[in-house]
Amino acid sequence: MIVGKVVGSVVATRKNERLLGSKFMIVDPIENMSENGRIVAVDNVGAGIGEIVLVAMGSAARIGCDLENAPVDAAIVGIVDDSIGLLD
Amino acid sequence: MIVGKVVGSVVATRKNERLLGSKFMIVDPIENMSENGRIVAVDNVGAGIGEIVLVAMGSAARIGCDLENAPVDAAIVGIVDDSIGLLD
Amino acid sequence: MIVGKVVGSVVATRKNERLLGSKFMIVDPIENMSENGRIVAVDNVGAGIGEIVLVAMGSAARIGCDLENAPVDAAIVGIVDDSIGLLD
Amino acid sequence: MIVGKVVGSVVATRKNERLLGSKFMIVDPIENMSENGRIVAVDNVGAGIGEIVLVAMGSAARIGCDLENAPVDAAIVGIVDDSIGLLD
Amino acid sequence: MIVGKVVGSVVATRKNERLLGSKFMIVDPIENMSENGRIVAVDNVGAGIGEIVLVAMGSAARIGCDLENAPVDAAIVGIVDDSIGLLD
């Protein structure tokens, strides 16, 4: 997983029908994380813009969030409220 | 997922038979996205050149787009028509 | 998927037995594609050195090419014979 | 897999319920490893801050650690206590 | 897959029990390959330090090497003994 900040959201009216009801958030990985840019993740925990979140990627996003048959490859699965060494 | 712009398409007459009927679009990720270059994605929503789209990658592309047994690792799954913070 | 040029091949006499009969081609992604270097892909369409091909990666390569139980993570699944915007 | 050093941990009170009980460690890949930054991995072996660990990524983390239905894409699966050529 | 050179090995006494008996080799991708650093791969073919090998990554490593339930995301699946264009 990676830790990032929710910096925006995306709306797609015309989309794969299995994405109906999903909220697409733009997540900017925090400095030092293993991602070279922003990702769009489905929100699984009610995250808002500005929050620091935990994002799961790959099949884990689909299978872990009851979206097994949806074309989803990233999901916000936690809101970070404490940490040690995150920005050191 | 990532957001990108459809910048072209690819035709392959000789191909894996499970790809028959698939349209291959070239997607250029928008600035700041987590991809270091263009990808070729199967079109699942009728996207045209110049449109800004949402692309799912990995097993999500196959399984989420009813292409479970096809050698497909990326699919256009939405057309972006609104956003907050996408280019900030 | 990505588009690349077949630039060589690899022979491995000692290998996992499920790879027997597979041809391993070296594919160099074309400029601007989302891959930071060459990959070795199993040939699923009879591609030759010098040809421009479509490569599927990850589980799509195994499952889409009837190699479900083989340790294969990339496959050439089409030979590109036309394109729009590929090198723009 | 990659080898990294545990440099911290992350707490997420609000999270996907399948993550309850999981410990999220921040792992910094050692120099020369194939990862361009830190990852957050579930701890499967009781690793502590400062330890050098082996991290599995992707579906292997879920399936190999009895977290098959959880949104987990990285797990600490070993504590490195000896090596040859790791830092050469 | 990628081609790399075996440059070392890693020992982890405390590890996920499904990794018992696995040998962890450090593989350094050869120049021009699509990996930005070293990976740790389970040895499936009896590779030794200094050998040039073929490495499969992702679910292919688990499923293709009879390690379906182990937290393994990379495996050495062939020893390269001949090639065309590998280093051009």
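Observations on the model:
Read from first to last, the chains carry the letters A, B, C, D and E; within each, the first residue is number 1.
Criterion: a contact is a pair of C-beta atoms (placed from the backbone, for glycine too) under 8 Å apart; a residue touches a chain by one contact, two chains touch by 3 or more.
Fair warning: this is a prediction, and the values are worked out from it, not measured in the lab.
Traced through touching neighbours, the fewest hops from subunit B to subunit C number 1.
Rotation angle, subunit A onto subunit D, C-alpha superposition: 70 degrees, expressed as a multiple of 5.
Where subunit A touches subunit B, the two copies mostly use different residue numbers: shared numbers make up under half of all numbers in play. Centre-to-centre, using mean CA coordinates, subunit D is 19 Å away from subunit E.
Mean C-alpha position of subunit C lies 30 Å from that of subunit D. Annotation for subunit B: residues touching 2 or more other chains are 29, 35-36, 58-59, 61.
Taken as a graph of touching chains, this assembly is arranged as a ring, one closed cycle with exactly two partners per chain. Order of chains round the ring, counted from subunit A and going first to subunit D: A, D, E, C, B.
Within the complex, the subunit B residues that touch subunit A are 1-3, 29, 32-36, 44-46, 54, 56-61, 63-65, 75, 77-86, 88. Listed in rising order, the residues of subunit C touching subunit E in the complex are 7-16, 18-19, 24, 26, 28-29, 35-41, 49, 58-59, 61-62, 68-74.
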